[in-house]
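Input: structures, listed below.
In what follows, chain A forms one complex with chain B and a second complex with chain C.
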Partner chain A sequence: MNLENFLIMRHELVLTIVTLILLIAELSISDKSKHKIIPIAIGLFTINLIIGFLPTISGSLFGGMYQTTALQVTMKNILNLGVLVVLFQSVKWLKEEENKIKISEFFLILFSTLIGMQFMISSGSFLMLYLGLELATIPMAALVAYDRLRTKSAEAGVKLILSAALSSAVLLFGISLIYGTTGSTYFNIVGSVFTSNSLQTLAFIFFFSGMAFKISLVPFHLWTADVYEGAPINVTSYLSVISKGASAFILLIVLFTVFKNIVEIWQNLLYVIAVSTMTIGNLFAIRQQNMKRFLAFSSIAQAGFILLGLMGANITGMTSVVYFVFVYIFSNLGAFGVVSVIYYQTSKENMDDYNGLYHTNPKLSLIMMLSLFSLAGIPPVAGFFGKFFLFTAAAASGYYWLVFIAVLNATISLYYYLLVVKAMFINKNDTPIAYFKTDTPAKISLIICVIGVFIVGFMSIFYQYFQSIGFGI
Partner chain B sequence: MDILSLLVVIPIITVLGIMFVKDPKHVRIVSAIGMGLQLLLAGYLVYAYLSARNAGDTSEMLFMADHVWYAALNIHYTVGVDGVSVAMIALTGVVVFAGIFASWQVDFLPKEFFISLILLASGVFGFFISLDLFTMFLFYEVAVIPMYLLIGIWGSGPKEYAAMKLTLMLMGGSALLLVGLLGIYTNSAPNGGPLTFNILEIAKVHIPIEAQRMFFPMTFVGFGILGALFPFHTWSPDGHASAPTAVSMLHAGVLMKLGGYGAFRVAIFLLPEAAHELSWIFIILTSISVVYGAFGAIVQKDLKYINAYSSVSHCGLVLFAVLMMNKTAMDGAILQMISHGLMTALFFALIGMIYGRTHTRMINEMGGLMKIMPFLGVAYVIAGLASLGLPGLSGFVAEMTIFFGAFQHVDTFHRVVTLVAVSSIVITAVYILRVVGALLFGPIKNEHFLHLDDAKWFERLSTVTLIIAIAAIGLAPFWLSTMIGDSLQPIIDKLSMVIPG
Partner chain C sequence: MFSTILFYILSVILVFSSLMVIFSRKPINSVLFLIVSFFAISGHYILLNAQFLAVVNIIVYAGAIMVLFLFTVMLLNLNKETEPKKSALVKIIAVITGCLLAVTLVGSLKGIDNAPVQDFSDNSIGLIKNLGKTLFTDFLVPFELTSVLFLASIVGTLMIGKKE
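Here is the complex of A and B:
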């Protein structure tokens, strides 16, 4: 194996090197100046992000266990971009007194999970997929329990690790059935011999259930709200945007390559799950007062929309899913960014606290409104385009009623997004959150999100590019 | 840049301009200049359109421009206008211009108010110039969503409830509409080839009848909700009553016309067979709208509710006429849209001005206003007379043409529903005259009213703009009628291919 071969997996390699450098830096920096880790980590990660955009080298490694094409590279770049935004949003929180001693752990753990997700995206075999999955999940529990002094955070960590263990078990059982019936764990071999006999269908369902846990599809969503609420806000946004986006990408690749022979079966399955995920996610989101729980449930509903693109099962479907996740990262991180800025400034995270926010903090309110409109799919922001293309993909495959249910759900979701808008713009409040200055890193992250939300929709170049690297069944 | 895109660009530049000024006075001036330019541009467009037609240009759409946007899905940014769209653009220009002056005194967050109002207008203009279903839908939603903030923040009464109800019902309508449009898109190339959103392209192909049967009701109801189709009209009275003056003007005057225009341009033009088959259902619904709206207006005591119900009735008449599917009735439908747009905007403007003085909208608390504010009083009478269809004003021309066209159908069903719809003229006369009598004449019920003043210069400007437009259409409908009539030919041709006889 020569050097050039290694460059194929440069995303994972560079990130591993970054992690190692951080480990060494952690050892050599005195306790007093631990906060210096933050700029180092963000700087290194930015370099990693830039390296990711260098020209793609396609190929496979380790006898086909690891494979990468322009599609995988794009997915990883999208995730990296999102992670950078999350890092910017975390700076103020990491500088808090109680976090000072564990700053570098945050980055180390977070990068490990990211490496895991990237391995999953590039996996060419169920073995690699499972390895990546565990790497992405187990450190995640530590991240969720990062505020160890808050009971809720610790509880959320335990909840995550337990449900993740269960879902891993289910997924592994599915994989074992797949291996048992096909004699291989490699995607290309399994994909070519997979049929819809009952044992293999069962294997698929187990595998899918395991993945559904990760994306928190109904009925595997019950862990989501508690974990999201308990975790520190920035971890929540990482979970609900990056982790969910990565899982959607992986599901996309696996469904389109490994399970392409049983496309009718998973289309029917996804139909039911899409309808219930959108509807239940929305109905629960309506009643939430806590902004974190609110965004958690709304992100469950968003996952339901992603399924519509998957069901398209053609190149339009794949393109629209990648595009939607890309847009979703900007819109949801914009919303989470505002929530986190406000929380770390004022410790307020209820919708009532936002009453009259526009009169004191107009810019934050506008960003929040744009992000929510993008999540709801209102033009001219990018969410509209994302949703429209998902619906187009589903309609092109003839799922008109599903699209109708989905658009109705989008209307329901508009209701609760408007509740927040109403709180900020319309509701009166004698003691609104006073004006404050947003810290610079968070400001940068919000600017990235706003720019993303505006230009991604109007510039068709992103969609065209995703289309050019995508594939259908 | 082509002339039509300017119609969207000017509002956006105006919005950017407003963002950069601080003083509320400057905000108003920038808005007025921007929308004044817009009105001039709309006027120029009418002139350019007529000269092009006189010069013998017979293409279906003029001033076309086409840019590929999302090539993978064959989504284009395509603009172009025919006589109908030009007329609607002129209407929008007038109403928006008048709306700016009617809201001259908005003092709570004026900057945000004018930004939202002009964004809304840009959506409406964009909708009327679009020839691509995707951009059309995009502009449609752009036009609907600022409404939430406009009503929620600057409205009166149960404004939060009304704003939410209006937004959700219209968005629910756009859910139906979106499915309908996607259905049209996925069936737009029955003979193979790339799918398209382009209206002119789709009009050339024959969409399979099964698909038409599925998607016509969705598209029609989707647009119909915005056009206050019974039983989906309930957002309209609440929304209008709670909205601030300029928003009611724009909403009833222009936004509801998006429904009628879309029903005619998309639902019937692209899905003619299903439209012919299923029209009876919607004809019944629209005639209920017409009569029910009129009766609703009779029993209301709040001026805005009266006018809102009257809008339900008049907009119902638009959809009713569109469904008659012959040239005369459709001609009338477009005339009615413009006529109603102008006079309802005038009504809402006047109601806003009166309310701003008397601080009540209940007719039983007012009386004798003619003596106190003669200018507003006379304007109100003119609006009322236009509404009940007095010859010489726009309403008469429109309604006459509609009923004339509707009566051209010889079968019993059409005759009966036409008779039912005609009855609305009488009912309209009842509620208009009742209001005029109670509001303007008779004893002055509240002596505080004696100190009220008449219209200020900006209010006069707003009112006079609208009255001139109403009278112009009423006295000289022929140029408008020709402009519309020629442009209706393609849709009539398309219909005559599918309708037997």
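Here is the complex of A and C:
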């Protein structure tokens, strides 16, 4: 393998090497000083992130099994950046006494799932896509059950692996029908011969259902709330941001390349699912008191908005989806960061507990407010532009009613995001959460998020770059 | 001619035993019928010249995994009393959706006419030698990726089972 080939698949290779180094480090570090693995892991991952930004070479390897372009590299870099933020947020949690013996496992499993997602994004055949998907979900169940002595965490792990197994079965059935009717699993071959005859349409629907499980679109969302609530907060943020973002990316690539011949069919399918996902996600989010469940349902609704960009099926659509996920990473991780900081300091995670937070912890409240505004799509912050471009993409393809419904839903979502803001800034509380100092790594992560939420919105360079590498049907 | 008859016999056995897996009242019977269906599937593999796959299917599924199944069933000690009661409404909905899915599947077979036909005339295609060659040339990346998947799964399992 020469250097050029290494550059093509550097993300996966470097990350695999990092994982293996950690595996060896875990063996050679004594039990007493296990926490030393945290800076090592974060340091190595930062190196991996920087290597990811090296100049890009497009190309395909292994006979088209693996392919990469500037678009895929950008997607992987976005995910890497998000994972770094998650790692910073989990430092305090990992240092807790009960986690001492399994610190390195957290990193090993997390990085393995990330390898899976990156292979998924770069896959050139359904076989690679499926394996990447499995690598991204099966070890994830172990992460969700990380607090295995807490019943809810273990239960969430079992729920995740059962629903993941079911969705994989559905997906695999779809892939087998695709293989049976086209005679190939390679994206470029399948893409050129795929037609809208009944069997292939059915195959697509099965495939899409399997993917919809991963992005938790309605009606495949039932596992989401329980798993998100049961998992440790940092794992939840990883699941709802990185995992969901990766699935949105791969769906984007697959829909735009492999299933481009049946674009009318999947546009109609997505129409129904987008409307139900946005509406049901929002309606359930209003009723939630637990912050994790609240963010879980809000992330379901956000996934519905992503579908709008997919339905655009033009270059604006692709650009807006990548841009939206990029913004979503910062805004949602900002919100999750505050929730996790507060939880590990005070063990409180209900909305009522946040009453009067502004008077004791003004900075955290402000960050939370900014993140929620970004999620809701209020103008000064990046979330507004993200939603705006998604709506533009859908409107450009003539889906005016859909955009209208989406705007209505954005308004509803504004209501429940503001409920949290109201609790922090206006509601009175006799026993508010006392003032505390945020630990340094979490502080860094929150600063990254705040910078991201502002910079990405104000600097058009990001959108222009995504547009220069994107493509439409 | 002979293989066509064999195909139908195996298919009947497969469909029958698969149905029995679902309809059996006792979990043990379900598991035993599952073994029968695995053997029928292995027969199909042999008809498709996938000899290695047929043997592996019997060793891994009918052998190793079924033992796990049996143990789990015995350890859980399932019987009629512990079975969760499902309401009639849920049952009706399940039957209707199941039938709709079956109709859709059968209806969509219409599209099978122009599907490409694979050539299975090469008898040695499923032998270990050819399989190994393909696995380490065309399918090298998926093969290596699978090993990462196993590594990650082992780490995850060990973590959950670790003592404090």
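Going forward, the second predicted complex is superposed on the first by the 471 of 473 C-alpha atoms of A that agree within 3 Å, B and C clash if a C-alpha of one lies under 4 Å from a C-alpha of the other, contacts with A are read in each partner's own complex, and residues count from 1 in each chain.
Everything that follows uses one rule, which is that a contact is a pair of C-beta atoms (placed from the backbone, for glycine too) under 8 Å apart; a residue touches a chain by one contact, two chains touch by 3 or more.
For clarity, every value in this text was computed on a predicted model and none was experimentally measured.
*Asks:* Give one word, clash or fit, describing how chain B and chain C relate on chain A after superposing.
*Replies:* fit
*Asks:* Quick check on the superposed pair: does A:T16 touch chain B, chain C, both, or neither? Answer first, second, both or neither.
*Replies:* In the superposition, A:T16 touches chain C alone.
*Asks:* Given the touch rule stated above, what does A:L310 touch, chain B (first), chain C (second), both, or neither?
*Replies:* neither
*Asks:* Give the label of whichever partner, chain B or chain C, reaches more residues of chain A.
*Replies:* C
*Asks:* Have a look at where A:L408 lands relative to chain B and chain C in the superposition and call it first, second, both or neither.
*Replies:* It touches chain B, and chain C stays clear.
*Asks:* Once chain A of both complexes is superposed, is A:T182 in touch with chain B (first), chain C (second), both, or neither?
*Replies:* second
*Asks:* After the superposition on A, what does A:F388 contact: first (chain B), second (chain C), both or neither?
*Replies:* Only chain B is touched by A:F388; chain C is not.
*Asks:* Contact-wise, after the overlay, does A:L135 reach chain B, chain C, both or neither (first, second, both, neither)?
*Replies:* In the superposition, A:L135 touches chain C alone.
*Asks:* For A:I300 in the superposed arrangement: first (chain B), second (chain C), both or neither?
*Replies:* After superposition on chain A, A:I300 lies in contact with neither partner.
*Asks:* Draw lines from the C-alpha centre of chain A to the C-alpha centres of chain B and chain C: what angle do they form, to the nearest 10°?
*Replies:* Computed from the C-alpha centres, it is 140 degrees.
*Asks:* Quick check on the superposed pair: does A:P380 touch chain B, chain C, both, or neither? Answer first, second, both or neither.
*Replies:* first
*Asks:* Is A:Q467 touching anything from chain B or chain C once the two structures are fitted on A? First, second, both or neither.
*Replies:* In the superposition, A:Q467 contacts chain B only.
*Asks:* Measuring by CA atoms in the overlay, how small does the chain B-chain C distance get, in Å?
*Replies:* It is 37 Å, taken between the nearest C-alpha atoms.
*Asks:* Any idea which chain A residues touch chain B in the complex?
*Replies:* 316, 319, 373, 378-380, 384, 388-389, 391-392, 395-396, 398, 400, 403-404, 407-408, 410-411, 414-415, 418, 421-422, 425-426, 460, 463-464, 467
*Asks:* Which residues of chain B touch chain A in their complex?
*Replies:* Against chain A, chain B makes touches at 69-73, 75, 134, 137-139, 141-142, 145, 148-149, 152-153, 159-160, 164, 167-168, 171-172, 174-176, 178-179, 182-183, 185-186, 195, 214, 218.
*Asks:* Show me the residue ranges of chain C that touch chain A in the complex, using the header's touch definition.
*Replies:* Touching chain A: residues 104-105, 107-112, 114-116, 118, 138-142, 145-146, 148-149, 151-153, 155-160, 162, 164 of chain C.
*Asks:* Under the touch definition given earlier, write down the residues of chain A that touch chain C in their complex.
*Replies:* 16, 19, 23, 61-63, 65-66, 98, 101-102, 105, 108-109, 112-113, 115-116, 119, 127-128, 131-132, 134-135, 138-139, 141-143, 145-146, 148, 157, 180-183, 197-202
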